[in-house]
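Scrolling down, you'll hit the structures one after another.
Both complexes shown next keep chain A, but they swap its partner, so chain B is in the first and chain C is in the second.
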Partner chain A sequence: MKPFRIGRLVKERVNRVWMTLWTVIIILTPVIIGGFLLWKSSMLLEENSLMKLLGSSEWKPLSGKFGFSPFIISSLWVTFLALIIAGPICILSALHLTYYAPSFFMKIVQPAIDILAGIPSVIYGVWGVVVIVPFISGHLAPVFNAETSGYSILAGGLVLSVMIIPFILNILIEIFNTIPVELREATLSLGVSNWITIRSVLLRKAFPGIISAIGLGLSRAFGETIAVLMVVGNVTHVPEGVFQPGYPLTALIANNYGEMLSIPLYDSALMLAALILFAIVVLFNLASRLIIIRYENKYR
Partner chain B sequence: MRISTGNIFRLRKTWWRFEETFFRSLMIFSSMVIVGVLLLIIFSIMKTGIPALSFEMLTQTPKGGFYFGKEGGILNAIVGSAYLAVGATGLALSIGLPVAIFMNTWLLKHKKTVNIIRFILDLLWGVPSIIYGAIGFMIMIMLGLKTSLLAGIIVVGMFILPIMIRAIDEALKTSPSGLTEASLSLGSTKSELGFKVLAKQCFPGIITAVLLSFGRAIGDAASVLFTTGFTDNIPTSLTQPTATLPLSIFFQLTSPIPEVKNRAYAAAVVLTIIILLTSILSRVFSNRYKKHSIKF
Partner chain C sequence: MENETKIRIENLNLSIGKSKILKDINVEIPKHKITVILGPSGCGKTTLLKSMNRLTDIYSDIRVSGKILIDGEDILHTDKDVTEIRKRMGLLSQRPYPLPMNIYKNIAFGLKISGRRKKRFLNKRIEHYLKQANLWNEVKDRLKEPAASLSIGQQQRLCLARGLAVDPDIILADEPTSALDPISSQEIEKKFTELKNGYTIVLVTHILRQAIRLADYVIFMYLGEVIEQGPAEQFFKSPQTEITKAYLKGSIN
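Up next is the complex of A and B:
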């Protein structure tokens, strides 16, 4: 009996050691990613100041000019457009699903949300190319008297908005569900209607949660690559309207990988693009999640 | 008309009723939009892709002149994607399951530490896959490695790891604490508790986590863009480059030749069907294995 028991305890010890090791590595991963990107982009940062790189709109890798502003501004355009479209739809739908919809409706919508969340971004890209781009060039642009091929900021924003809907919606439903039922019952018992309760009590209570859900959606949209790349047009300039093509940061990285080794500092510039992307995504993620945690603790 | 208090109340009541109906219909409309968009996406993918889908496409690798619209199929991409996704999911499971179990057995008393780990995993989940791809590529250049299936498996595995751990963790979290207490009081070690009791109890949850990660792995294009390369052959070893479905769609869609474009649409149908099947499977499995778990 004894050797068997010792074996078990040894196994326990060994397991503990390597599991701790893995966990520590995973905890350190964000730091490793950030550090690696910073190290790789330091070559470019030594020669140019960060402000100059971010502010300049001149992108000529061959003559060593790396201005990131067209890419950052394109990314911002696409992301905010996506949020403006997806935000209200998500809030309204989340309210509907939590407070109004009968349970059978939820049973239909929940799988739909899950499937929407699971569809790969390249499929969204194909959908964008097949449906959204012709729709913009054929129907939407003539209404606004705009000349466009359809491959535009608007196309990117529309495709992105659909992609982040399931993401934001799931968080919002969770947020509305953490609001204590008593709050709603108390307000309803005063004789006001469902919507007035939502408008004047629940939405106020859920406000930080809503903001952080949208922040999470923002960071998701900012990092989306393939789908946006396929519909946004990829022209290096500072976009001035939604019907113009753009060139987001993620597309910049994805498009120029092949040639980056032949031009000096190019790889460093692309790593800086990745670093900017990483910093923005992590920042918004961090802030939003901290708000959510504080919000949830309040009601627990 | 004189404005009396009664009038104001009546006015306000009508206004509120109007508000209620107005916003209620807006909400219903939003929910409809979401379901409608999903149906529209699936419908348009199927509509453009199914006419181009053929038996040869699914069973042949690209022949000469394939990218100019000649014969061949996308078997290389289908098999490549399957290898890649299975490998990456396996890798993520073999790291993720122990870590998730570690969080729910050893660290049970350290609530704060576990919450910090969860927070960091959520953060990692938000990191765009292109960053994993870019870093993977950079490391491969530094080590002088060529694009290969193995590199793709590692990068994608790293990318889906946070999803895998969090999904398993969520499943383990719901296991009744009585179960943990009972098996510890019977003298089991923590690893026995984790691997023999909790893993069995939460088997449906683990299956769901695996399928969720598999779906992510097979669908992601940005992380394999630089790491797996692209080839017309089916890889026979881990060191060879491989084609993947998302990239096959992506490359063929940019072609000006209609036949090639149609093939991209057909490949999109294949990928969509794989994703839908994964989603359905995960529902079926998690329901089927639910009855084997102990209820309190």
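Up next is the complex of A and C:
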């Protein structure tokens, strides 16, 4: 063989090994993180059953009582609230931008979306404290006859929703743009109105994409820390309404890690909080995958 | 032989942004005949076809002027809802785009739009239209399967049945066989010659042989203009312009 050719074969081989290696590392990373968190929280898990830890709402680290339900429930509250606000806004505006608005409109909106996506989360937090929190306590709560300082689940949900909008919106625009325009033309030419075309055909076609966009938004909202922590009140109790304060898992970890490490069980408990966070995000991902797979088996 | 005009286009101009796509189009399309719009790619055939059922409306940068008269009514300047206009025309596109539903619902969709909801009626009509598109025997036992599970040739016939189900009197076909294998193409072509008794068919193609096989009337376009039009026999036997002669000889493509 000519040396030139050997050189090429070696290069090919080395590149292949490299690529495989990085792929394997990407696959292993979440496994390693999960394993590490499990190992670090094992001390607490040995002394208490997982069910008890998840179900109890008693959080008294000094007397060794760790109930995670206030945190889990707070996290779920703010996340789903954010999603209920952001989801419809994103779907409707993505539809408007792709199917109704003139093309120059997109050129104005795209930079706005990118700027929203690029703002550091602490700025969203400050905006929440300065604008949203007083708005809730001063204007919104009185309408519903609720007493609140403004630092509440609702504040957290609102701030989060604004944060995930650019994220979900970008993916949705991308998805609607990948639906062939011919499908839209074919449907319209049956004599169907624009809206029916969107509702019965295009949204249906985009459904798997919409689910994965929302799934990603969900995971992002669930893991957001600083902005939520600044407006949500951080009171350890199970919230019973949107005007009450809450204490999400992320805030628990960020507020306490490094402070009370002289209590070994506390350290372990925070690691368990991280593991729960991790597990729930994985569950969200699996659930959206599952929905997509089932849908695709049904329709294509 | 009577030669009633179904579609008459007068001084149609169309531009996308700053580029003119169609220039001063004047054509007449006879009723219950196959009219073939022939020409090299990029000459505006498809655009002309789509302007006939106002699919050009959905692009904000398209400007249209002139008249498109269908049975004497100008569809570009009318108070009628655009969905009423489109219902009168079935569209068959280059590749089949079945709706993301099962086979049954693909046909039922159009029927339901026209307000038909009774199960028995739907079943009967769906069988009728699938038979009309020569698809019934192949799909009658799998109506609940997704349309995307059909072969591409079957999908194109499904799209034809779907188009017929809204009861149009015009069929617009945009190179409907370009993605199909020879046998499926043949089936579609055969179907067209059967359908022309009840429908006015406008077929866009760049396949000369297909045009010769099917056309009763030919419109030849080149660079956004209609160069020549007339009955098929006359067009193919004694073309009038140099461009047409060159195209028929195969030197433009």
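The rule we apply is simple: the second predicted complex is superposed on the first by the 255 of 300 C-alpha atoms of A that agree within 3 Å, B and C clash if a C-alpha of one lies under 4 Å from a C-alpha of the other, contacts with A are read in each partner's own complex, and residues count from 1 in each chain.
Keep in mind that, in the parts below, contacts are C-beta pairs under 8 Å (C-beta built on N, C-alpha and C of every residue); 3 or more make two chains touch, one makes a residue touch a chain.
Remember, it's a predicted structure, so these values are computed and weren't measured experimentally.
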item: Touched partner set for A:S103, first chain B, second chain C, both or neither; value: second
item: Residue contacts on chain A - larger count, chain B or chain C; value: B
item: Which of chain B and chain C A:E182 touches, first, second, both or neither; value: second
item: Touching partner for A:I123 - first (chain B), second (chain C), both, neither; value: first
item: Touched partner set for A:I196, first chain B, second chain C, both or neither; value: both
item: Which of chain B and chain C A:I165 touches, first, second, both or neither; value: first
item: Touching partner for A:E46 - first (chain B), second (chain C), both, neither; value: neither
item: First, second, both or neither for A:E147, with chain B first and chain C second; value: neither
item: First, second, both or neither for A:I115, with chain B first and chain C second; value: first
item: Overlapping contact positions on chain A, where the chain C interface meets the chain B interface; value: 101, 192-194, 196
item: Of all residues in chain A, those that touch chain B in their complex; value: 8-9, 11-12, 15-16, 18-20, 22-23, 26-27, 29-30, 33, 36-37, 40, 88-90, 92-93, 95-97, 100-101, 105, 108-109, 111-116, 118-127, 129-131, 162, 165, 169, 192-196, 198-199, 216, 219-220, 222-226, 230, 250, 253-254, 257, 261, 267, 270-271, 274, 277-278, 281-282, 285-286, 289, 293
item: List of chain A residues in touch with chain C within their complex; value: 99, 101-103, 180, 182-194, 196, 200-201, 204-205, 298-300
item: Touch list for chain C against partner chain A, complex; value: 50, 53, 55, 58, 60-61, 83-91, 93-95, 97, 99-101, 109-110, 113-114, 146, 148-149, 159, 162-163, 166, 172
item: Residue ranges of chain B in contact with chain A within the complex; value: 16-17, 19-20, 23-24, 26-31, 33-35, 37-38, 40-41, 44-45, 48, 95, 98-99, 101-103, 106, 116-117, 119-124, 126-131, 134-135, 137-138, 141, 161-162, 165, 189-192, 212, 215-216, 218-222, 225-226, 246, 249-250, 253, 264-265, 268, 271-272, 275-276, 278-279, 283
